[in-house]
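In what comes next, chain A is part of two complexes: it sits with chain B in the first one and with chain C in the second one.
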Partner chain A sequence: MPEYKGLKMPAKASVEDMRRIHIEPVPDDQKVEKAIQYLDEMRKKFRSFVLAMESCVKCGLCAENCHTYLGTRDPNNIPTNRAELIRKIYRRYFTLEGRWFGKLVGAEDLNLDIIEQWYSYFYQCNECRRCAHVCPFGIDTCEVTMIGRQILHWLGIVPKLHADVGAAMERTGNHTGLTKPAIVDTLEFLSEEIKDEFGVDVEFPVDKEGADIMYVPSSADFLLNPYTLMGAGMFFTYIGANWTIPSTITEAGNFGLLFDQQHTMRHNFTRLLHAAQKLGVKKIVWGECGHGWRAWKMYLPGMADLPIRWPITHIHDEVAYYIRTNQLKLDPNKIGRPVTLHDPCNYVRACGMAETLRTVIRACVADFREMYPNKENNFCCGGGSAILFDDPEMYQLRIKFSQKKAEQVRATGVGRDGNGILCAPCSICKAQLYPMVEEHQLGVEVKGLIDLVGMALVWK
Partner chain B sequence: MPSINVNGVEIEQDEDGFIVDPNLWNEDVAKALAAQEGISELTDEHWKVVNYLRNYYLQFQIAPMIRKLCKETGFSLKKIYELFPSGPAKGACKVAGLPKPTGCV
Partner chain C sequence: MTYFIAQILPYITVTVFIIGVIYRLWRWAASRIVHNITLSPFPQTKTEVAAIYLREIVLFNNVFKFDRPLWVGAWPMHIALLNVIGGHVVGFYFLGKQFVYLGASEALSTYLSNLLGTVFGIILLAGLLYLLYRRIAIDKVRQVSNPSDYLMLLLLISIVSLGNFMRLVPEYGMHYEPVREYFTTLILFQPAAIPEGNPFFILHLLLAQILIMILPFSKLMHLFGMFGMRWIENRIYKEPAPGLPNVDVAAARARGTGLSSVSGSDVA
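For the complex of A and B:
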């Protein structure tokens, strides 16, 4: 882990890593000047950012509502203080009082130390937007984090994890670097697993031209989440869909949202639209991925370089529709274990999916217990925006970030007998919670929501 | 950048100890990487996991699904954690000379 004046920070991408994602890192002696120039561009472009810079009265409501502050008690993790790391620079260069009175009005000259502080604290923010949800002024501090990360990206400062994902996406069309033979091999393996465990024949068509539905799963499902893929395959087979998985974009996520919305995110959008065009599909259905669903649902329409001729829906909405119209037979007693639901932040605070998740989970399990607070008031898992760093000190932070979630799960009692299920229908949540339920000894197994659908289906 | 010297060859590693060039891997490199992981001796059971991962990687340029690794080796996930305390991805894949997995893993 890089050391910088006692700041905690994830391993940084090397110069070569950055070049792979089209960035020539700015030399140290030009970083300050460049950062101010980028900040100027961003403030002129984003009114949401200016609102955050100009309107905060430091009421402090965000403090106790932020799980990273609750877990670490580091004052710089209070959302308004985190934003202040940029606000004091904004004030210095772009306000009259800051230019005239400097420190007297809380303005500060930018220097390399502050840029390193941005890197440390903007990558301790999970971009969960719980602070935005409670802010009486409607300030979305996540927008400040996003702009901070965008400027850092342009300067050449990105965590190695995020930069490697950007490079893998460009190389293979997915975050984990799956090749088409690996995709096909894994799906054939899962067909056999479904036959063994559920006794039904399920095929996973890849790159099938003329399919009606293009299903875009998370690439992490191919390594870590077998039941999520199996559940999706069983669902599409059950409803008799003519469907396919595209090998050119086997990725529901879009890390561009998290570090480079201007190029990386847009590039992934274009890739998706090309895939849909080539396969001639009628509809695109999204897999389990929280930040990705926000990117594709909320950002794609405004950022795509090509017209969007296809409806894009989420698989949870599809399943909920089939449940509401009585076209899906599910036996809630098949999964005889207590289950609680973690609401992924991007689903509930950005995409209005809280009720959809409940329609599905109530149909799948008999013993469903809510955790509190929930729905749009839910706390983040502590992995949000892919803070999945495993360098020892960052890993310790992840444990602290998930402390609030652990308290919530414990309070439901689902893990009391050690056989509970924590349903977390998002790949980042899963990757965070798999180790965290062990660290906090919660007595639960982490599963997706489509996993439960597959397990509860009653076949004719 | 850290590195390990195996039989006179300097092999570059990333911050997390994964070898940068998977082509430089051989059995002696595996032993050296295992030692860094705190595994003093690679038993037949270790080799079963390492060889499966290695061959899968050579064929598909990526690690297999963990469920498949367990099925094909006949080891439970718990057993794999006993063999490689850092787990299948960060322990076993590292010893087998695979690159560090990226994404939500």
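For the complex of A and C:
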């Protein structure tokens, strides 16, 4: 846990870690100059960023609508103040009023302390976009966070967690560093589990050339969320699909979105398109992963270097389609426990999936209870943008960030008897909520949405 | 000094305003929409997109939904401001007789013009004072404020106070006719001196011009910025069609795929 003038910050990647993701860290005496240069490049490129810099009126509406501020009451966690960390530099170097009037209009020279502040506060932002959703003008502080993180990345300042994931992705095609033999082994094990628990035969074809459908799961599903992968396998088997999992990209996530939207993100996109071409598939179906789905759905079309010949859909949308057309037989009474749904921010605010989630969950469980606020007004789980740091002080922050979520879950009453289910259909939400439901003693078990589909399927 | 404020400065003001706004809009337009960052709610038709713009601009829907105490000050303030600005243009041009075109008598029209001006002037001032109070008294708003945020409010409050003062204290008031005369000469590039040497009017005129000159270099550009932001975020996004290739669920279920009697997976 690095300490810098009382700022809370996650462990940084070492020089070696940075070199593995192709970045040569900028020496301290050049950081300020380089940061200004990168900021200049960014502001000339991104209109969403320029507008966030130039049209905020500081009404303060976003404060009470950001769960990080609600949890910590740290003024720098008010979205507009988080943006102000860059805005004051932007004003100083790139606006007339900032150059002429300085402090009066809130303009400030850049120095190393401010760069460290960027690191601390841009990695306390969950990029959930609730501030953009509530802002009267739609100013998207997530865009500011993303550009702050991009500049930090180019300076060589990235959390170790993110840098390691980036390196693992490049090496193995997934975040957890699983090799093909490990993938095949795990999937065989999952087949046996399904046989034991549900009494059905499900095979997970890996790298099957000529398959119609390529399913890209989150790599966390192999280790942490096996029921999600089992649910997907059961769904594809149930509908008789000719499907496969590509061993070269067993990762629905894309950390490029979170710390490097240039090289890292594009590299992952290319990997996907290569895999799809090699296997000759007709359609790509995406696994449960919030930020990943946003990246692949919204960012891929603008960033791919190759023509995209495959429609890409999310498994939730596909399941919802087969439910709406009455082709799936699901028994909601199989799961007798009360269930509430956490709307992952990237699904509902960035990808418009709120109704899809409800179509699926209502068909799978009998006792479904909404939490409030929900759908696109929902609060983040506190783990968004993978700030899932284990350093003791950062872990304490994660507990605070999830406070609002805990209040929401408690209010639904699903955990009253200690047997509730909190459905969180996103790998990062799950990784955050597994420990957080214990910390807040919510009496619920965290599950994915496809987990519930697998459990509710009626085979005969 | 009065000569400068009344006969030279207006031309500088208008030049700075127009060039400034064009400069800022050009800066925005020069950058691009790099990624698709469509944001909830996901409208499916152009009508729905227009509805989002309208309810935000006309009703301040988000402010109403997510920060009611702010709305109570901000919405009336903006509506009053719009009417006050409109009133300045229409009232002076028609000399307060604009409502004649809506069927009112001349006397009634002048009375209405005065009444509306007074009412909106007071609402505007009250709204601004409320927003200033809010900025000072509420922790989270004070924490996000720069000195310029207060100065901007104080400038607006000064302009509006002077306007209200002239309206409410008849001996310092201005009549419509000489003001219209004055603006006509300005527009014809033959600026005449202000006929009644009313110091309140001159100060009002000076501060208003300062505000207009500051606008392009301040947060007041939010007037245009909100359109820019919504243009990026509130757009139609069509989902790719669901439904998987070569899948026949009924046939698969008839075969009993997955059940122990048949082989584990489908044979392609």
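One rule holds in what follows: the second predicted complex is superposed on the first by the 460 of 460 C-alpha atoms of A that agree within 3 Å, B and C clash if a C-alpha of one lies under 4 Å from a C-alpha of the other, contacts with A are read in each partner's own complex, and residues count from 1 in each chain.
As a working rule, a contact is a pair of C-beta atoms (placed from the backbone, for glycine too) under 8 Å apart; a residue touches a chain by one contact, two chains touch by 3 or more.
Quick caveat: nothing in here was measured; it's all calculated off a predicted structure.
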Check whether A:Val165 is in contact with chain B, with chain C, with both or with neither, and answer first, second, both or neither. first
Based on the superposed arrangement, let me know which partner A:Ala182 touches: chain B (first), chain C (second), both, or neither? first
Have a look at where A:Thr313 lands relative to chain B and chain C in the superposition and call it first, second, both or neither. second
Touch test for A:Ile428: chain B only (first), chain C only (second), both, or neither? first
For chain A, which side has the bigger count of touched residues, chain B or chain C? C
Contacts of A:Cys381 with chain B and chain C, given as first, second, both or neither: neither
Output check: A:Val57 vs chain B and chain C. Expected answer is one of first, second, both, neither. What do you get? second
Once the complexes are superposed, what residues of chain A are shared between the chain B interface and the chain C interface? none
Note: in the complex, chain C contacts chain A through residues 24, 27-42, 56, 60, 62-63, 65-67, 70, 74, 138, 140-141, 143-149, 151, 217-219, 221-222, 224-226, 228-230, 232-234, 237, 239-253, 255-260, 263-266, 268
Which chain A residues qualify as touching chain C in the complex? 43-52, 54-61, 63-65, 69, 75, 78, 80-81, 84, 95-97, 101, 103-106, 129, 132-140, 143, 191, 199-203, 205, 208, 210-213, 234, 237-242, 261, 282-283, 285, 298-299, 301-303, 311-313, 317-318, 320-322, 327-329, 348-350, 352, 354, 375-376, 459-460
Within their complex, chain A touches chain B through residues 1, 11, 160-161, 164-165, 168, 174-179, 181-182, 185-186, 189, 193, 218-220, 222-224, 226, 253, 289, 386, 388, 390-391, 427-428, 430-431
Give every residue of chain B touching chain A within the complex, in rising order. 14-16, 59-68, 71, 89-90, 100-105
